[in-house]
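These are the structures in question, set out in turn.
Both complexes shown next keep chain A, but they swap its partner, so chain B is in the first and chain C is in the second.
Moving on, here comes the complex of A and B:
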């Protein structure tokens, strides 16, 4: 069987297992880990698109995530929108904000983009805390109602149980990864990689770097915004902690460990690290110290992540001189 | 509204602006010489303030010995930081050095939270309560000292950069690394000194502000947000541009903060950064050197 066929089987098997989990256990902790994996995998997948494929280090993902969360929560509670339209509007708003930030800072340099994206994420936190008339300040918007989805065929799906949220986020994560996979394996993805590797060369081949960079930012912001919009209903509250730097650090670690620019590597790292709180049962502070140490070690020892390291080994194997045949 | 009120806001703004400048100048110097954006810069400000707190409250040292020790320790930490971590980043890409310093910031910040908890600590010394009156204006002695320390640091940095050989070498490396190498400047010695000065300035800012504000592990985080905006507005790598932008920002913040909610101040910082990027991407005082 070809490598591609084997990979497709593994993916189908993994999807089947993930789909079946709520049938075997209604244990809330297991489902919570699943929801956390789905949510983080979309965030890290988007970051991988921006950083891993296009080469733009972004700290803004958490801002898009929170903007989506706040927008969806406000649209649903204040204006009575449905969950899906609210989350979609949150995603579109996040994408629009992403375009503004990207357009203004990328005219200068990638460096400016990294700095501006960080400032943007911190600004979101401050605005959420201090613009009390819109966001209700530090208390946030508690008691988000259990959303109801009108499914085709006239059934109404009331999303209230952990298993319902598991399926909702799982379904969206599959959709988001399918979109990311289609982008990175298409001409778009090749152009993005070319920009990352050598921007002047890509430009000389007729690729407009700014357009592809903005596309990557907008798409990752859209996905992060939507997943934020869905996730807050699972939490049933949105407050300024949705902009916490913790999310940024975690998704960065996932991308770095998985290997920037490696679709499956980042997905796998997201799964492992989402389950890790279970293995590392110490306080968040110490976990973040550990993540920081991992980041330092990774930058000193394997800058291209585990995925990149494996790929380098594969290339080294190809290059190894074959034993001379008689 | 009487004039005194404005003058008071102006004075407070200058003090805070000078402290912003200490942090932003160090950040800008490190960027100019090493092309590394030090994401952990705010944490060294926090550690400086923490150390000042322990020296003052636990060890019972006075103001001046505390400041001296904190700055000396910060300079040494800068040397170690360069030798242990940043030196190996030479020639590495920009994102890698950012992620490295981000990792360092996570270790320092969360480590401080774990060790010291997030409870704000007050450095209560006689300084905090004594005021001097300058023709109707009230300035606490701790703020006055902070202002004096900041101005002294400006002067010292200016003298180092423009009146010494190593300072000249530093400016040379910032202008063109290759050309500096060609004329025989050792980039390692220059980079090491730039990091030591940058971290030293951060430590000084922490020690100077410890008696003015409460000390807690997350203090560096909110500060560094402004410092990044300042170095963009002042022109990446432009040290005097960063100083001017910082003082102006401190004054504006104080004046606006007197009338409008705090969120407007933070929004102003961000909006001015975006406006500068759109209208004058090389920074208000950009020096035309490729970043």
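Moving on, here comes the complex of A and C:
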């Protein structure tokens, strides 16, 4: 109980600090890091739900992210929807697409899903580039307008300054992580872990793996789609580079270093590694190489991440006091 | 006199792998409250039989039902929810979960708490989880693992994992439990312990179908034994009769040795 209380205090303190940052600095670099952390933490949190908890290696997250971005941008600029409805529609579209690719490939195998998710991400890039009449091709949709939110109480919030986007993405990230936390700490999360740890055993206990896998995929796609829909208005442009493999690689590093299946580990890794793209900015050409090096080093030194290391310690603690009793 | 329907009724089960016949037109029954053994030499089709009736292998022909529920062709999770659970030859457990979690997860699909209720953590969920935890602790006490309730399953020895698997298969109060080689590779002390556990569970009303190579274990535990050879049922009856059945001896020892024994006795 006291450990839980201490954790709640740390979380509240961290939230307070993150909330206060724009009050102390309007430095764009700091706020950009904050936006990057909020965005990547939602993407890696979703990937953790699918890969870390349910055991499905997925490369599709970036596709859901971009679909959300394109859908929100088109709905807002072409049809005059508001930012929130546009982003929500983008998220729902991404979730629907996730259900389709999940349902069609998961009936074969886990590996089929991994391959299909990779093909899907590549296909998104091609569609964004070549379906010019919808996506305007390689030029993308530039000059996205600064969105306006009608807040309860009648005030209109024009989201134009970096600090506004910081709060928008920060707010959504808190909501997204609350949802993910609610799922993974519930018996739904327990069933997902059971499926990852031993699928036939789970089946023999009445658990329908397909239903839980689809739930994880749809939820992660929904959150990735919404965060994509919000993020493109911060960038003020959406073009095919939103499907870049760089996003996938960053998410994977965050989940693997944080520890697949560890909520706090992955969240912490997202915070630390969100700074990575900018720390490595001095060498754009070598960035991907360095990412690869970081990933390999992590796999060698921390094969199951920070979360996995903590779990190993938990098991070791039980093993020590009881000498073999067989 | 009205004939009561058997708990499990298998009719005409067949399974072929690429022209090789694993199970050939097999029919058998398990009565409620019984402990039935399914034995036979290696490759006689025991594992295939239980993989088929638990939904893990598609069958080529045949039907099976649990009382009035037709389970033919159903996926494993439906068969489990209908009340037929099983353990596995290669012992399966959720290594990263505690023993208690291992047991609670095994029962969560058999209560009526939906996904939204599970997320909402309302009184209904809390009651269901409290009941699961209480039953889990009971079963851990029954199999003798109570002191490890909060420990991760990864620390258990091989025999203890077999006990955990038996406990997990009982969690949802199934109508029939199929144990796949519950004592294979287990030391003699642990075998006696597992035997006592099964006796105790049967006394509480659990019906069991046990697949095993250890003939002594089967003979002392089962009220009825079914013997398979080359996918066919070659004998069925109480252990005493099975022990001296010529076809069974021939299947296990080879025809020549069986005849030798027979003449030696006669």
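Observations on the model:
Throughout what follows, the second predicted complex is superposed on the first by the 305 of 326 C-alpha atoms of A that agree within 3 Å, B and C clash if a C-alpha of one lies under 4 Å from a C-alpha of the other, contacts with A are read in each partner's own complex, and residues count from 1 in each chain.
Quick note on the criterion: a residue touches a chain if its C-beta (ideal position, glycine included) is under 8 Å from a C-beta of that chain, and two chains touch if they have at least 3 such contacts.
As the structure is a prediction and not an experimental result, all values here were calculated from the model.
Room for both chain B and chain C is found when the two structures are superposed via chain A, with no clash between them.
More residues of chain A are in touch with B than with the other of chain B and chain C. In the superposition on chain A, A:207 makes contact with chain C only, not with chain B. Residue contacts after overlaying the shared chain place A:104 against chain B, while chain C stays out of touching range.
Once chain A of one complex is fitted onto chain A of the other, the partner contacts of A:319 are limited to chain C, with no touch recorded for chain B. When the shared chain is aligned, chain B comes close enough to touch A:289, but chain C does not. Contacts of A:119 after superposition: chain B is touched, whereas chain C is not reached.
Draw one line from the C-alpha centre of chain A to that of chain B and another to that of chain C; the angle between them is 80°, to the nearest 10. By the touch criterion defined above, A:197 lies against chain C but remains apart from chain B after alignment on the C-alpha atoms of chain A.
Within the superposed three-chain model, A:12 lies out of touch with both chain B and chain C [touch as defined at top].
Superposition on the common chain A brings chain B within a closest Cα-Cα distance of 9 Å of chain C.
Shared contact residues on chain A (touching chain B in one structure, chain C in the other): none found. Contact residues of chain C toward chain A in the complex are 54-56, 75-77, 80-81, 85-88, 92-97, 101, 104-110, 113, 115, 118-119, 121, 125, 129, 148, 151-152, 154-155, 157-160, 168-169, 171-172, 187, 190. On chain B, the positions that touch chain A within their shared complex are 37, 39, 85, 88-89, 92, 94-100, 102-111, 113-114, 221-222, 225, 228-229, 231-232, 236, 261-263, 266-267, 270, 273-274, 277-278, 281-282, 291. Contact residues of chain A toward chain C in the complex are 182-183, 186-188, 190-191, 193-194, 197-198, 200-209, 215, 261, 311, 314-315, 318-319, 322, 324-326. Taken in their complex, chain A has these residues touching chain B: 51, 55, 57, 100-101, 104-105, 107-112, 114-116, 118-120, 122-123, 126-127, 129-131, 245, 249, 252, 256, 283-286, 288-289, 291-296, 298-300, 303.
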